[in-house]
Amino acid sequence: MKTFTLPGTELVVPNVVLGLMRIAEMSDDDVRHLVRTARDAGIDFVDHADIYGGDHGCERRFAEAMRLTPSQRAEIVIQSKAGIVPGAGGLRYDFSYDHLVGQVDGSLAALGTDYLDILLLHRPDALVEPEEVARAFDDLASAGKVRYFGVSNHTPGQIELLKKYVTQPLVANQLQLSITHASLIAQGVSANMAGEDQAVDRDGGVLDYCRLHDITIQAWSPFQAGFFTGVFLGSPDHPELNAVIDRLAAAYDVPPIAVATAWITRHPAQMQVVLGTTTPERVTGAAQGSDLPLTRAEWYELFRAAGHLVP
Amino acid sequence: MKTFTLPGTELVVPNVVLGLMRIAEMSDDDVRHLVRTARDAGIDFVDHADIYGGDHGCERRFAEAMRLTPSQRAEIVIQSKAGIVPGAGGLRYDFSYDHLVGQVDGSLAALGTDYLDILLLHRPDALVEPEEVARAFDDLASAGKVRYFGVSNHTPGQIELLKKYVTQPLVANQLQLSITHASLIAQGVSANMAGEDQAVDRDGGVLDYCRLHDITIQAWSPFQAGFFTGVFLGSPDHPELNAVIDRLAAAYDVPPIAVATAWITRHPAQMQVVLGTTTPERVTGAAQGSDLPLTRAEWYELFRAAGHLVP
Amino acid sequence: MKTFTLPGTELVVPNVVLGLMRIAEMSDDDVRHLVRTARDAGIDFVDHADIYGGDHGCERRFAEAMRLTPSQRAEIVIQSKAGIVPGAGGLRYDFSYDHLVGQVDGSLAALGTDYLDILLLHRPDALVEPEEVARAFDDLASAGKVRYFGVSNHTPGQIELLKKYVTQPLVANQLQLSITHASLIAQGVSANMAGEDQAVDRDGGVLDYCRLHDITIQAWSPFQAGFFTGVFLGSPDHPELNAVIDRLAAAYDVPPIAVATAWITRHPAQMQVVLGTTTPERVTGAAQGSDLPLTRAEWYELFRAAGHLVP
């Protein structure tokens, strides 16, 4: 497992991390097996959110299953998120002081820990008041409840607005990225091309921005074809892509999921891949992509096979 | 009426202002009634443009109907715009020194005043030479003809280019914004989503940029569904949205137009709503939305009811 | 021929330059005639790329046909590009140190010269490591192999990322631009308009960015309707545009191609037009657009006639 010091922090982190959004219904044994498998693969970083599994459900499930001692807890990086509020009529977002601080308290209680290593703002609140976020972060930091802060699904402009008041470095931006859902990479390859959907800017150039400012991109849904529409690995909807993946997997003697992982870890932005699977073998397989040295030719072949234009 | 000191100026302004683009054919009495109604509601800020009602037609109509004494004129903020040139074959834009200075002189003559409080560049001139704009602004400012400057329909990049030479602060950016025509808010909520039109960047992140740089956004066509395609209020094309508006209007005991106004004034960017109506009752109704304290849940419910995705 | 000192350099350059991507199969005489015609028109700037005509084919063809003495070579500005790698399955990009330095060496050998005046990174490499580019540029500059550096088809974010490490000024950005393929101008005219394709950001505001940072835009495919889909000049697909072009050409007593050229040279960004033609008469005709003083009304009429919205 390749590790690196997360810029802006003193944390040494793996470039493949374990997302726990789907563990709410798992047994203690299954959770322990999943986490143990990840740890064995070198993954000592878990990704939570207050809303995963309902009201802190996955955080609580994790804590109850793992029953970590303080020293065990200190061995891992625990990241959680706040800012999304489910409701009867649909979602809303809330970055108010009270909501953020309250949700972190809820996460700490559910996780049975004194601190989060990293707190991410889950999705940009259209009604954000950056002064309030700054106040919340200051209080969470000074109370020792959160060590580092970041965002998720944020554009450069939204981050700049936060930074007008937030003094802590924003160390991560968790964004949807897979070989097939790759606009944040593909747009820049084909900018300024009339009539090409791939040329359409959907993120304000967030990849270059994050690289420029040493904000680590965490790729969520790394194997999803679209927005929770199913995985592309093995899907008959992506025959050309899977053919290339399978060929490279055979050549490198790894499972296909390792190649899909490596397509992200190979990128020089030094991203982290957030696994969403609850299947231990997939975790092991994906971990094999942590340091797989895809060549430029292979990386671009995968990119083209996913349907992206290389003009 | 909620008021605030317009950042970059010493003007105390209301967050709902009276746009006068449609008064060219109104009688003196009707103009006076409209303006008096606005003043009674606390609206002491009028929005003009050289081209409204033809060649300074609305500016002249306003002046002839109001016949303001110097002290009456000093009580209100008069904003006008220049830069659009109608022509037989279509519009063009012109930010040349001669055009800008000449149009301001024309506006001052038509308005019967010595100065504009604010001059906006109406639409970005593709052939802009920022050095010329700077020279025009300098001369207009030093001659006492214009107190403050701003833009309309400008992107962050266009503003940055102007600021390379313009030394006065650009205090306002007038942009189309309503619950339904809300890309400048909605894009940021769904950035980086493949296949979603809402994710498409159409403005370079102008909302965050203006907040970051203390440029006040003025929302034009605040009740229009699209680009002058008709209002959404009461329209059978927007049943879900109107149902929510009507319910909230009843709950707050205000007319529906106040809720539509409040959706904009509630936003923490502290925008101004530019009314385009010539109906006094609508002005009164909209003014009731100046300080209506929509909750986050209500604001997001309106947003979703207008068809925007909250992923 | 209008000339100007290319910002960031000591080069005095024409605003119309000769692109040599299509000379691979031309005879010595034809190449010499083409270049002589350009020189007679004041065009002393040629645009190459390593991949034009295959592996340095056009560069070699140029050198073999011209057999320039050192003093003749010093009379002209030679620009080339690197970074695109053709392959059996499609293109890829490669901004690695070894590739860039190797390709420049190949270009120098093919061109029979000791130095390139300008080297452009041809298309953005998704796997760019700006530290490597910086190292390559440093070594190429200190070895005297390249005098100045620039990019092609790059967005503002990509340029900013390069500038994080590259210390030389990036003096040019070669981008596709013609009256019909004009998103980089047209988007800004109609930003924030829902439902209008013209409002869609495809380049991150590269025009304003380049003007702001004194990066000269070089317009490639200046007469192409789309992405190598054929020229619009004289095309029955563009009757309205050609009618305006022909009328203006007659009025100014120049060929239509001069008007199409002037639409670009008239823009205050002081761009260069990169001709792709191998027909000497077209070069002569285009050169007549170098300093043609289109009025604002004429420029906008051409813009509207090409189908762009001026709202």
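Chains: A, B and C, in written order; residue numbering restarts at 1 for each.
In this section, a residue touches a chain if its C-beta (ideal position, glycine included) is under 8 Å from a C-beta of that chain, and two chains touch if they have at least 3 such contacts.
None of the values given here were measured: they were computed from a predicted structure.
Rounded to the nearest 5, the angle that brings the Cα atoms of chain A onto chain B is 120°. Comparing the contact residues of chain A and chain C by number shows a mostly separate set, under half of all numbers used being common to the two copies. Separating the centre of chain A from that of chain C, both taken as means of CA atoms, is a distance of 40 Å.
Each of residues 156, 200-201, 204 in chain C touches at least two other chains. By the touch rule above, chain A contacts chain B in their complex via residues 87, 89-94, 96, 123-124, 126-129, 153-158, 160-161, 164, 175-176, 181, 183-184, 200-204, 206, 226-227. Of all residues in chain B, those touching chain A in their complex are 156, 185-186, 188-189, 191-196, 199-201, 204-205, 207-209, 211-212, 266-268, 296-297, 299-301, 303-304, 310-311.
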